[in-house]
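What follows is a set of structures to go through.
Both complexes below contain chain A, partnered by chain B and then by chain C.
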Partner chain A sequence: MDISQDYFTCYSLPRTFEIDLGVLRQSHRVLQQQYHPDRFVGFGEAQERLAVQTTAYLNQAFATLSAPLRRGIYLLQLLGMDPMAPTNTQMPMDFLLQQIELREGIEELSRVPDPEPAITALARELQAQAEQLEVDFSQSFAADNYLSAETAVRKLQFIVKLQQQLDALEGELLD
Partner chain B sequence: MAYSEQVIDHYENPRNVGKMDEADAHVGTGMVGAPACGDVMRLQIKVSDEGVIEDAKFKTYGCGSAIASSSLVTEWMKGMTLDQAGEIRNANISEELALPPVKIHCSVLAEDAIKAAIDNYKSKQ
Partner chain C sequence: MALLQIAEPGQSAKPHQRKLAVGIDLGTTHSLVASVRSGQAETLPNSRGEPLLPSVVRYLVDESPQVGVKAEAHLVDDAANTVMSVKRLMGRGIEDVKRLGSNMPYLFEACDQGMPMIHTVAGLKSPVQVSADILRALVQRGESSLGGELVGAVITVPAYFDDAQRQATKDAAQLAGIQVLRLLNEPTAAAVAYGLEQQESNRGEQQGTIAVFDLGGGTFDISVLRMEQGVFEVLATGGDSALGGDDFDHALAEWMRQQRQIPQKLDLAQQRFLLRLARAAKERLSTEHTATLSFEGWPGGDAYTDLTLSLEQMNALLDPIISRAIRATKRTLRDAKVSLDEVAEVVMVGGSTRSLRVQERVAELFQCQPLTSIDPDRVVALGAARQADVLAGNQSGEELLLLDVLPLSLGLETMGGLVERVIDRNAPIPVARAQEFTTYQDGQTAMAIHVLQGERELVQNCRSLSRFELRGIPPMAAGAAKIRVTFQVDADGLLEVNARELTSGVAATVQVKPSYGLSDQQIADMIKASWSNVEDDRSARSLREQQVEADRLLEAVTMALAEDGERLLMKQEQQQIVAQMEQLVMARNGQDHHAIAKQIETMAKASDAYAAMRMDDSIKRALAGKSVDQL
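And now, the complex of A and B:
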């Protein structure tokens, strides 16, 4: 297998944001078995090394395509864009204001006597926002509007970070 | 990764955390965000009629380096003219805080926040 090919080609998937996750999982399983390093023991060092490299490539490919955020970033990277460039710090003002409010809300949670209902409500809100941004990305990308797609995926990155932060806090507070 | 003493000092004792009235014509507000790490920074300056920065406040949600970078620049900016503040570069910040290469983007965020605050102030005049 050519491990320099892009991940969509590797799984014979169209290069779109909407992909069939069932097909992805199925192709991944087949390829994973086919190139499992255990099957190449005794085939010589070069073959063994290749099997290990292929497995690493497949793991990376699957992790990238199965998560919407990473899939979106990857689609733009294939077009030569760099949506996560650390030097690009411009985000829509209303979005940043909302981000600060959400973070203030998360900070408040540690001071609330019974934070569980608030955590649940916030988790639901973040999930709704994430899903909306995935729709925005999908539509913009399908319409070749790559700049709006980039904005959507950059926003999604902030939301996913917040979700991780909230998960960590939930673990701390509700244990 | 180990933080430098300067970063830890600013992180544990951040200077000038707070908020100013955005509607005030003397106040310039800069907001920037870094998707790669999910950091959000708000930097505000209060400018006198003579064009000197009298006060600066920040609020940063992010890692220690991002907080230290914004805390440091609020200290630096007080007493500067807008032109002087506009000359602060991320290299000055990362050098002062001894930021490692993976954290240079935090100082870029602070530099961009300064520019955004100055632009916002000027747009109100």
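And now, the complex of A and C:
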């Protein structure tokens, strides 16, 4: 198996944002069954090593394609773009202000006596925003409008970070 | 993969002969060996029919060591030469051992790598050697039961074992002369033992989420697995390494002491008496509604009247302890992003899950009856045996595939004692990930690589796995070199690290082989601390970052002043910059990262004009004496 090929080719998927996650999961399982180091026990060090590398590649490929944010970034990277470059910092002012507001909202939650309903509401809002950005990305990308796709994926990055922050807070508060 | 097994007709070695392979549960208190015979996994007992081998080794002068029951008999009269619970020492340094153990009656000595060595009459013994002696006994039992030489063994390890602990386990097998087919996580082995991949769920599909609830004497582990068409995938693992069935006994003993107003200061014999009473009560209450506890034979002068303990009372005493396990379970489910009602089966492992109250509470939590039909002491070894059978190539179907995850995050030390995560906890293995770093100073030709494992943001709070140096980097400006560090974790969970400077191709590789690893307690503490210290860590991180930034600025300005300060600046301008530097040094040595950031900004503004002057100056000098077409 060629571990230098791109992840979409690896799973025989079209190079688009909209992919069938069921097909991805199924292909991943089939390839793992075939290439996992467990299938090469006793075949000698070289074969076992190759199996480790191949499976590591598959795990990376699956992790990249199964998460919308990483899939979006990867699609642009395949075109030679670098949406997450540290120099790439310009964001629309209204979006940044909204981010600050959301972040403050999360911080306030730790002072609320019964935070569970508020956490659920905020999680729902973030999820809705993420889904909208995924649609934005998908449409822009399909229309070859890569710059607006890049903006969408960078906005999505902010939302995903907030989701992680909220997750961590939820873990702490509801323990 | 079958395609690669090329054998000429007639040359293939007895095609229908089964290869002999075993599964080994190398446990803290006892170990087991199991194998698949006629399609059934079974534990292999000793000649007296006992499947459990106590994990105890006694060393003797000029004789091979005794292992198991024989050794256990000498735990008291030959304590210094009789080693138990060696699993707790695996992959640990002498420092960890000192912290761990006034209750270990051995004399320890550090060897050159910091590995703890135990003084015995047969010489110094490392934990790896002691484990190897246990493994040898198990392999012998396996070979004599199965009647032939083994091709290899699957050895189980706790899911939370770090790189050092796994490596030590593998080293022990090597020392004992056993081919390790795979190191397998204990919860995965337990799920495999129930053959869950062969059952259909209620929905008629071969898939589902499984929780493995493992409550031993002193530790609690919880793992969440997904099973789909013969593939077992660990989604998350967690637990509490200071929680176990022993806590039940202590809670009951403490209740008895209070009921009879026995003074708090108990001697060893009195403690043992109460604990024995506690265990007897548990036993009685597993079939009856009340238990009478008699203090007859109490060691010590006083006499106490009988006590009655009801099932309800006992449950009330156990509940707070079980609740801790329930909380850890919920936390791990959250890590796995799985809700309670998605869990299709709960597998019970460990002697303490025999407690009916534990079974009730688990059933109540998951709203389903946990699986208890396989002996919880043997279930792990039985699962390992099935996996060994697959890996030895005895199963034609190749249906069963076990996919594990990394138990603790891996990272590298960066500037200011911070840890940069390279691979996150719970990433499926094998996994490889690369991260690029750069040099910090002009002309830097070497870089120290410090590999760490743990969940915290500061180096001092994580476990150091290995340090090595990448040398021979060609001298370049700070930030120009590109050093790519690659981490690769194999299917046994063992790490290899590579570093390469990309512009020159200079490379260094280490098989991370630390002399010691984390204590279970440390791992649990590290995971717990990463939750409770998120805030602390964050501000500590900001402080370090600002300090690094301040140092960088101070160094740059100092060097510039030394180079051309006199030439380019008026005396007063020089003094102003120096005054700003002093203020920045003061802020930098404080604890307030906001203050440092503010001072950095002021300092940068104050030196802006100077920086511009230097730039003009260097351009002028570069151009001096050159005509336009020479450029």
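We take it that the second predicted complex is superposed on the first by the 175 of 175 C-alpha atoms of A that agree within 3 Å, B and C clash if a C-alpha of one lies under 4 Å from a C-alpha of the other, contacts with A are read in each partner's own complex, and residues count from 1 in each chain.
The rule is simple: a residue touches a chain if its C-beta (ideal position, glycine included) is under 8 Å from a C-beta of that chain, and two chains touch if they have at least 3 such contacts.
Values in this document were obtained by computation on a predicted structure and should not be read as measured data.
Visitor: Based on the shared chain A superposition, would you classify chain B and chain C as clashing or fitting together?
Guide: Taken together on chain A, chain C would clash with chain B, as the superposition shows.
Visitor: Would you sort A:37 into first (chain B), second (chain C), both or neither based on which partner it touches?
Guide: Second partner only, chain C.
Visitor: For A:57, is the partner it touches chain B (first), chain C (second), both, or none of the two (neither)?
Guide: second
Visitor: Can A:122 be said to touch chain B (first), chain C (second), both, or neither?
Guide: neither
Visitor: Between chain B (first) and chain C (second), which does A:47 come into contact with in this model arrangement: first, second, both, or neither?
Guide: second
Visitor: Name the contact category of A:86: first (chain B only), second (chain C only), both, or neither.
Guide: Only chain B is touched by A:86; chain C is not.
Visitor: Would you check which partner chain A:171 touches, where first means chain B only, second means chain C only, and both and neither mean what they say?
Guide: second
Visitor: So in the superposed three-chain picture, is A:65 touching just chain B, just chain C, both, or none of them (first/second/both/neither)?
Guide: A:65 sits against neither chain B nor chain C.
Visitor: State whether A:76 touches chain B only (first), chain C only (second), both chains, or neither.
Guide: After superposition on chain A, A:76 lies in contact with neither partner.
Visitor: Applying the stated clash rule to the superposed structures, which of 133-141, 205-213, 547-555 or 619-627 from chain C runs into chain B?
Guide: Only one listed stretch clashes with chain B, namely 547-555.
Visitor: Could you pull out which chain A residues touch chain C in their complex?
Guide: Per the touch definition, chain A meets chain C at residues 29, 32-43, 47, 52-53, 55-57, 59-60, 63, 167-168, 170-172, 175.
Visitor: State the interface residues of chain C toward chain A in the complex, per the touch definition above.
Guide: 1, 4, 151-152, 181-182, 228-231, 327, 331, 334, 390-393, 398, 401-403, 427-433, 488-491, 531-532, 534
Visitor: Going by the contact rule set out above, which residues of chain B touch chain A in the complex?
Guide: For this pair, the touching residues of chain B are 31-38, 40, 42, 59, 61, 104-105, 108-109, 112-113.
Visitor: What part of chain A is in contact with chain B in the complex they form?
Guide: 83-91, 93, 95-97, 99-100, 103, 154-155, 157-158, 160-162
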